[in-house]
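Following this line, the structures themselves.
Shared between the two complexes below is chain A, which pairs with chain B and chain C, respectively.
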Partner chain A sequence: MNAIITTAVFGIVLMFVGLFVKNKQQIKYFAIAGTILAFIANWYDCTLAGGSSVILHGMVEVSKFSILFNGVAIVSTFLYFLLCGSAFERVGDDVADYFALVFFILSGVMLTASFSNLLMLFLAIEIISIPQYILAGADKKNLKSNEASLKYFLTGSFTTGILLMGIALLYGATGTFNIREMGLGTGDLSPLALCGIILLAFALAFKVSAAPFHFWTPDVYDGSPTVFTAFMATVVKAASFVAFMRLFYVSFTGGDITHHWQLIIALITAATLLIGNFTAVFQQSVKRMLAYSSIAQAGFMLFAIVSNNEMAAQGMILYAAAYSVATIGVFAVLLKMKDYTFDGYNGLARREPLLALVTTIFLLSLAGIPLTAGFFAKYFVLSAAVQAGGLLWLVILGVLCAAISAYYYFRVIIAMYFRAGEAETLPITGGFKAALLLAAAIVIALGLFPGLLLQFL
Partner chain B sequence: MGIDMIIFTVLSAIAIAAALGVILSKNPVNSVLCMITCFVAIAGHYIMLNAQFLFVVHLIVYTGAIMVLFLFVLMMMNLNADIEPQKRNWLKYAGAISGGALLLVLVAALRDASVPAIQSGAPTDIGLISNLGKTLFTSYVVPFELSSVLFLSAMVGAVVIGKK
Partner chain C sequence: MLTVLLILIPLITGLITFGLKGPGAKVFSLLSSFATLAVAVFAWAQFQVAPDSLQFTADWIPQLNSQFKVGLDGLSLMLVLLTAISFPLIFITVFSRSYDRAGSFYGLMLLSQAGLLGVFLAYDALLFYFFWELALIPVYFLCSMWGGERAVPVTFKFFVYTFAGSLLMLVGIIYIYFQTPGSFSWQAFTSLNLSNGEQSWLFWLFFVAFAIKMPVFPFHTWQPDTYEQSPTPVTMVLSGIMVKMGLFGVMRWLVPVLPQGVYMWQEAAIVLSVIGIIYASCIAIMQTDLKKLIAYSSIAHIGLMSAAIFANNEQSIAGVQVQMFNHGINIIGLWIIVEVIEQRLKIKNMTGLGGIATHAPKLAILLVIVSLANIALPLTNGFIGEFLMFSGLFQYNPWFAAVAGLAVILAAVYMLRMLQKVLFGESNALTATTTDLKAGEMLAMACIVAVIFVLGFYPKPLLDLASGLGLPNAIAAVITR
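After this line comes the complex of A and B, so read on.
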C-alpha cells in the first residue's frame, strides 16, 4: 500500500516539477528518482507485511505475490524511463504531465496485484485505462494518434460498462464485493453469478487484448506515439493479466466453477495464439509487428489463467518480467530508428553492433529461445497447463505458435545482420548503451537462473 | 397492492417506455428527452429505496450535467437525414443476431435465478447522507481516496489534450 501511495503522490510532485524545471531533459531524472523511491516503499511494504495480511477494511491485500509483482513493475518502469525517457519530449510540450500520467498508471498497476474487493478491481482498471487514452492521443497534430486515442477510449469505456455489469451481477448473486467472501465454490452456482463471471471474463479479455476482443490493439499500438506504446504493451498489459488471474484464481475456483469458464478461456487462448501469430507474419512495419506480437504473447500469458494453479502464478510473474523487459528494450531501439519498417533495420549490425546485439537478445527472448528469460517464462506457463490436465491440445498449439513466432522475430535479426543497407539511427549516447546492456543482462540472468526472481514468491 | 407497489409499477413502466423511446425514436433530440425521462423515473426508484443522496446526485449529474452535454454535442454535430451514414443490411442482421444471442443467454440464465431477499419490509436508512458519509469514510475510505487519482489523471488529460 505504501508503494501505491508513493507513486500516486509522486505523480502529483512531477506535475509541479514541470512548473519549476525549465530544462525538459532533466524531468526524466526526477522520474527515475521516483521509481527508486517507489522501489524503497515496496521494500518497506515487504518488511511490514512479512507474508499475507489483510488491511484497510478488506480493500487491499498485501501478499508476497503482490509485492513481487510490484517490484517487477517498478523495475520495468525504471528501465523504461532510462531507455525511453528522453523520447518523451519528442511527443509534445507537456513532458512533466506525461511522466505524471505514467506514475498514475503505475499506481493502478500496483493495485491490480493487491485488490481484494471488486470495487478496487474496477478502480485499478480505470486508473490504468484513463491515462492511457490520454497518452495515446498525446501527439495532438498526428491524425493517427488522434484515431488511436478515440478508438481506445470508445471501445475501452464500452468494455468498462461490461465489467461493471459483471460486477453488479456477481454482487446480486453473492451479496458481497469481497473476492474472498464470495464463496462461489459451495453449493450450486447461481445463473446470475455465472453471467457475471462470463461478463467479467470478456471485459478483462478485452483489456489484455485477447482475441476476439483484440481489434483495437493494432490500431491503438500503431497509432500511439511509440514511446507510450512501449509502456502500454508491457507493464500495463502485464498488470491487466495479473488482475485477470487474481480474480479468477481467488474467487472463481473451488467446487466445479472452474469447469464453467475454463473451456471459454481455453478457446479464447487458442484464438489469440492463432490470430496474433499469423497476422504478425504479414506485417511490414516493425512497430505494427510488435503490436501483433503483443497479442501473440497475450495468448501465452492466458495459459496462466486457463491452468489456474500455483505454478501458473510463478509463470505469470516470470512472464511479466521477461516480456516487459524484452519488449521495452526492443521499443527503445525502435525509438532510435528513423525508419520503422523491416528494411529500416537493414545493416544495423555494421553501423551499431551493440544495438543489433541487444535487439537480438530481446527478440530471442520474445521468441522463447533457451538461455533467455522468455524460454523459462514459456516453460512455466505451458507446464502449468500440463499440470492442470485436459489441456494438452492447447499446449501443443502453443508450442506450434511459438515456432511461428520465431519467423517474424528472426526477420528483424536477419535484416540487421544479413541484409546490406544503411540503417539510419538518431544519435546514441553511452548512457543509453549502458542501460540497454543492463536490460539485456536481466534477460539473460533470468534465462539462466529463473530462481533469482521466483525465490521471493 | 400497497401504495409503494403501485408507485414502483408506474415508475418502472415509465422507465421502460422511455428507454424504448430512446432507441426507437428517429430524431436524436427526442432520444435525449426520452433518456431524461428514463433517468428521472430511475431516480424515483432511488427515493423509494430511501437513497436520498443517490437520488440527488443522479438528478444533478445525469439528468442535469450529462444530458446537457448530450444536447450540446447533438447541436454541434447538426445531425440530419442527409449526412446519416448508410447502414448495410447485413450489418443490421449481424447486430440483431448477436444482440439476440446475448439476450437469449441472459434470459436463460436469469430465468431460474433465485435472487436472495436482501432487505424486505421497511427500507433501511443506509442511503441517508449522514450514514453514507460514515460508510464512505470508514469502510470505503481506500477506494474513495484512490478514486482521486483517477479524477486527477482525467483532469490532467483534459488539460494536456485541450490546450494548444
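After this line comes the complex of A and C, so read on.
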C-alpha cells in the first residue's frame, strides 16, 4: 500500500520538479531515486504484512504475491530508467512529465496485483491506460505517433466500455463487487454471470493484446516513440496479465466454473501463439518484430491463465520478470541503433562486442533457451498447463511455436555476428554498458536459480 | 566431486579462454582438455574400486525439487572417456592452424565439451535437459561463425530441428514429473508405472528428440549439410560425440523410463533405422564430395546402432556401447585426414583427387587403416561392436539383421571406392603438391590408430564397461518380458 502511495505522490512531485529543474539529466536521476524510494516502501510493506495478507476496506489486498510482483515491476522500471532514461529527452521537451506519467502507470501496475474489488480493477486498468495514450502520442510532430495515440485511445476506450459492462453484469448476477465474495457456486452459471465473465475475458484479452484482440498492438507499438514502447510492451503488459490472472484465479474458480471459460481462453491462447509467432517471422524492422514478439510472448503468459493453478502464479511472476528485463534490454540496445531494420544490426558484434553479447543473452532468454530466465519462465507456465490436465494439445502447440520464435530472435543474432556490415550506433557510455551487464546478470542468475525470486512467494 | 570437476573444468576454463588471444587460447584450451582427460581417467580408476564415490547430489531448485545430481556408471563412463579423449585429439590436430578470434573459438569448444559431459553425467531429468541445450548453443555459434559460405542457414536449420525436438522432450519430462511424487531424479522416473497408453505417446515425444540428434531417418536432413559446412574440428565434435547424445538419451532415459513404450514401438523404430542404413549407404556410394560421403556413412553407422538399441537384448546393447566409443574414435580419424586434404589442396570433390599415396605415403597408410576400421574389419576396433550388434539384431529378427547386414557390404563399397579415388590412380598437378602429415596431425593419428589396434585385439576393457554395471536393470527387465 505504501508503495502505491509513494509512486503516485512521487509522480505529482516530479511534475512540479519539471517546473524548477531544467537539467534533463538531473530529472532522470531524480526519477531513478524515485524507483529506489518505491522499492524501499515496498520492502516496508513486506515487513508490515509479515507474510500474511492485509485487506484494506475490501478494496486493496496486500499479499505476498502482490508485494513480489510490485518488486519485479519496480526493479524493471528502475532498469528501464537506467537504460532508456536518457532517450526520454529525444522525444520532446517535457521530460519531467514523461517520467511523472511513468510513475502514474507504475502505481496502477501495483494496483493490478492487489485489487480485491472490481472497481479497483477498473481503476487500475484506467490508471495504466490513460497515461499510455498520452505517451504514445508524445512525439507530437510525428504523424505515426499521433496515429498510434488515437488508435490506442479509440480502441482502448471502447474496451473500457466492455470491461465496465462485464463488471455491471457480474454485479447484477452476484450483488457484489468484491472478488472474494462473488459466490458463483460450483455448478452451472446464470446467463448474466456467464456473459459478465466472457466480457471481462475479452476486455482483458484486449489489454494483454491476445489474438483476435491484438490488432492495435503492432501499430501502436510501432508508432509510439520507441522508448515508451519499451515500457508498454513490458511492465504494463505483465501488469495486465497479473490483473487477468488474479481476477480469474480468485473469482472464477471452483467446481465446474473453470470449465465454462477455460476452453475460450485456451482457444485465444492458441490463436495468439500462432498469429504472434507467424507474423513476427515476416517482419523487416526489429521494432515491429518486437511488437509481434510481444504478442507471441503474451500467448505463453496466457498459459498461466488457462491453467489457473498455483504453479501458474509462480510462472506468471517469473515470466513477468524474465520477459520485462529481457525486452527492456533489447529495446535499450535498439534505441542506440541508427537503423531499426534487421540489416541495421549487421556487424554489431565487431563494433560493439558487449552490446551484441548482452542482446544475444536477452534474445536467447526470450526464445526460452536454458541458462536464461526465459527458460524457467516458459517451463513454469507450460508445467502449470500440464498439471491442469487436458491441455496437452495446447502445450505441444506452445513448444512448436517456441521453436518458431527462435527463427526471428536468431535473425537478430545472425545479423549481429555473422553478417558483415557497419552497424551504426549512437555514442555509448560506460554507465549504459554497466546497466546492460546488470540486466544480463539478472537474466542469467534467474536462469540458473529461479528460486532466487520464487522463494519470496 | 570428481564428476563435478569433469563439468567444471571445461566450463570455467572455457569462460576464461574467451578473454585470451591467439596462441594463448590454443595452449590454454589444450591444457584444459588434458586436465579433463586426467580427471576422466582417474574417475575410471575410481570406478573400478569405489563406484559409489562418483555420485554427487546438491540442491538446485527447491521449488521444483530438482537437484544437481550427477553420477557415473559404465554407460556414461564410456562416453565421458570418449569425450575426454576426443577433445585433446582435436586440439592437437588443429594446433598448427590459427583461427580468427581464437579466444572465442576455443572458449566455445570447451563450453560445448562441458555441455556434453553434463549430458552424460546428469541423473536428474531437468538437469539433463539443461545440459542437452547447453551443448547445442556453442556448437551453433561455432558452425555459423567459422563454417563455410552456406554455414549460417544450414546451421540454423540444424538448430531449429534439434530445438523443436528437445522442446517436445521437455513436454514429456514435465508430464512424467507430475506422475512422480515430485522429483526429476532418474530413480523416480524409472520406478514409475505409467500406463501403456501414456507410454505409447510419451515414447514419441522422447524418440523424436533423440532421433533428430542421432539422426535417424527421416529426421536426418540437417546432418549432411551441417557436417559439410562446419569447420572440421566442430564436425569432429558433432559426428564423434554429439550424435552419441541421442543414442545415450535412448539408453539412459527412453528405455528405462518407458519400457512398455519401447516394447510397443521398437519394431517401428528399427524399421526406420534400417531404412536409414540402406538409404544413407546408397547415397554415400553416389557421393563425390568427401565430407558428404563421410556424413552419410555416419548416418548409416548410427542407424545400425539405433536399430541395435531398439532390438534391446543384452548383446545388442553391449555392442552399441562398445561401438559408440569406437565409432567416435574412427570418425574423428577420418575427419582428421579430410581436414588435412582440404587444407592442403583446397578441394573436397573426389573427382579432382587421385594418386595422393605416392606423394604422401603416411597419410595414405593411416587413411587406409581408419577406413578399414570404419568398415569394421576384424582386428580393428570396429569389429567387435558390429558383431555384437548384428548378433543381437539377429536374435530379435533375422530379417532385420539380414537387411542391415547389407550395410557392411555397402560400407566396403563406398569406403574402398573413396580410397581408390583419393589415394590411388593417376596423380594430377594439384595432388602432386600434397605434403605429408605434420607432427601434430601425425601425433593425433598415431593415437587413434593405436586405439584402433589395441581395442581391435583386446576389447575386454570396453566390454567390461558395457556389460554388468553398464546395463541398467530396466533394460534387463524388458528382455525377460
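Descriptive notes on the structure:
One rule holds in what follows: the second predicted complex is superposed on the first by the 452 of 457 C-alpha atoms of A that agree within 3 Å, B and C clash if a C-alpha of one lies under 4 Å from a C-alpha of the other, contacts with A are read in each partner's own complex, and residues count from 1 in each chain.
Everything that follows uses one rule, which is that contacts are C-beta pairs under 8 Å (C-beta built on N, C-alpha and C of every residue); 3 or more make two chains touch, one makes a residue touch a chain.
These figures come from a predicted structure and were not determined experimentally.
Shared-chain residue A:L371: touches chain C; no touch with chain B. Look at A:A100: by the touch rule set out above, it reaches chain B but stays clear of chain C. When the two structures are aligned on the shared chain, A:A8 is found in touch with chain B, with no touch to chain C. Set against each other, chain B and chain C touch different numbers of residues in chain A, with B touching more. By the document's definition of touching, of the two partners only chain B reaches A:G137; chain C does not. By the touch criterion defined above, A:F215 reaches neither chain B nor chain C. By the touch criterion stated above, A:L382 is placed in contact with chain C alone, chain B being left untouched. Contacts of A:I414 after superposition on the shared chain: chain C is touched, whereas chain B is not.
Of the two partner chains, chain B is the only one touched by A:V60; chain C is not. No residue of chain A touches both chain B in one complex and chain C in the other. If you check the complex, the residues on chain A that touch chain C are 314, 364, 369-371, 375, 379, 382-383, 386-387, 392, 395-396, 399-400, 402-403, 406-407, 410, 414, 417-418, 449-451, 454-455. Within the complex formed with chain A, the chain B residues making contact are 105-106, 108-116, 118, 138-143, 146-147, 149-150, 152-154, 156-157, 159-161. Residues 60-63, 129-130, 133-134, 137, 141, 144-145, 151-152, 156, 159-160, 163-164, 167-168, 170-171, 174-175, 177-178 of chain C are the ones touching chain A in the complex.
The part of chain A that touches chain B in the complex is made up of residues 4, 8, 11-12, 15, 56-57, 59-60, 92, 94, 97-98, 100-101, 104, 107-108, 111, 117, 119-120, 123, 126-127, 130-131, 133-134, 137-138, 140, 149, 172-173, 175, 190-192, 194-195.
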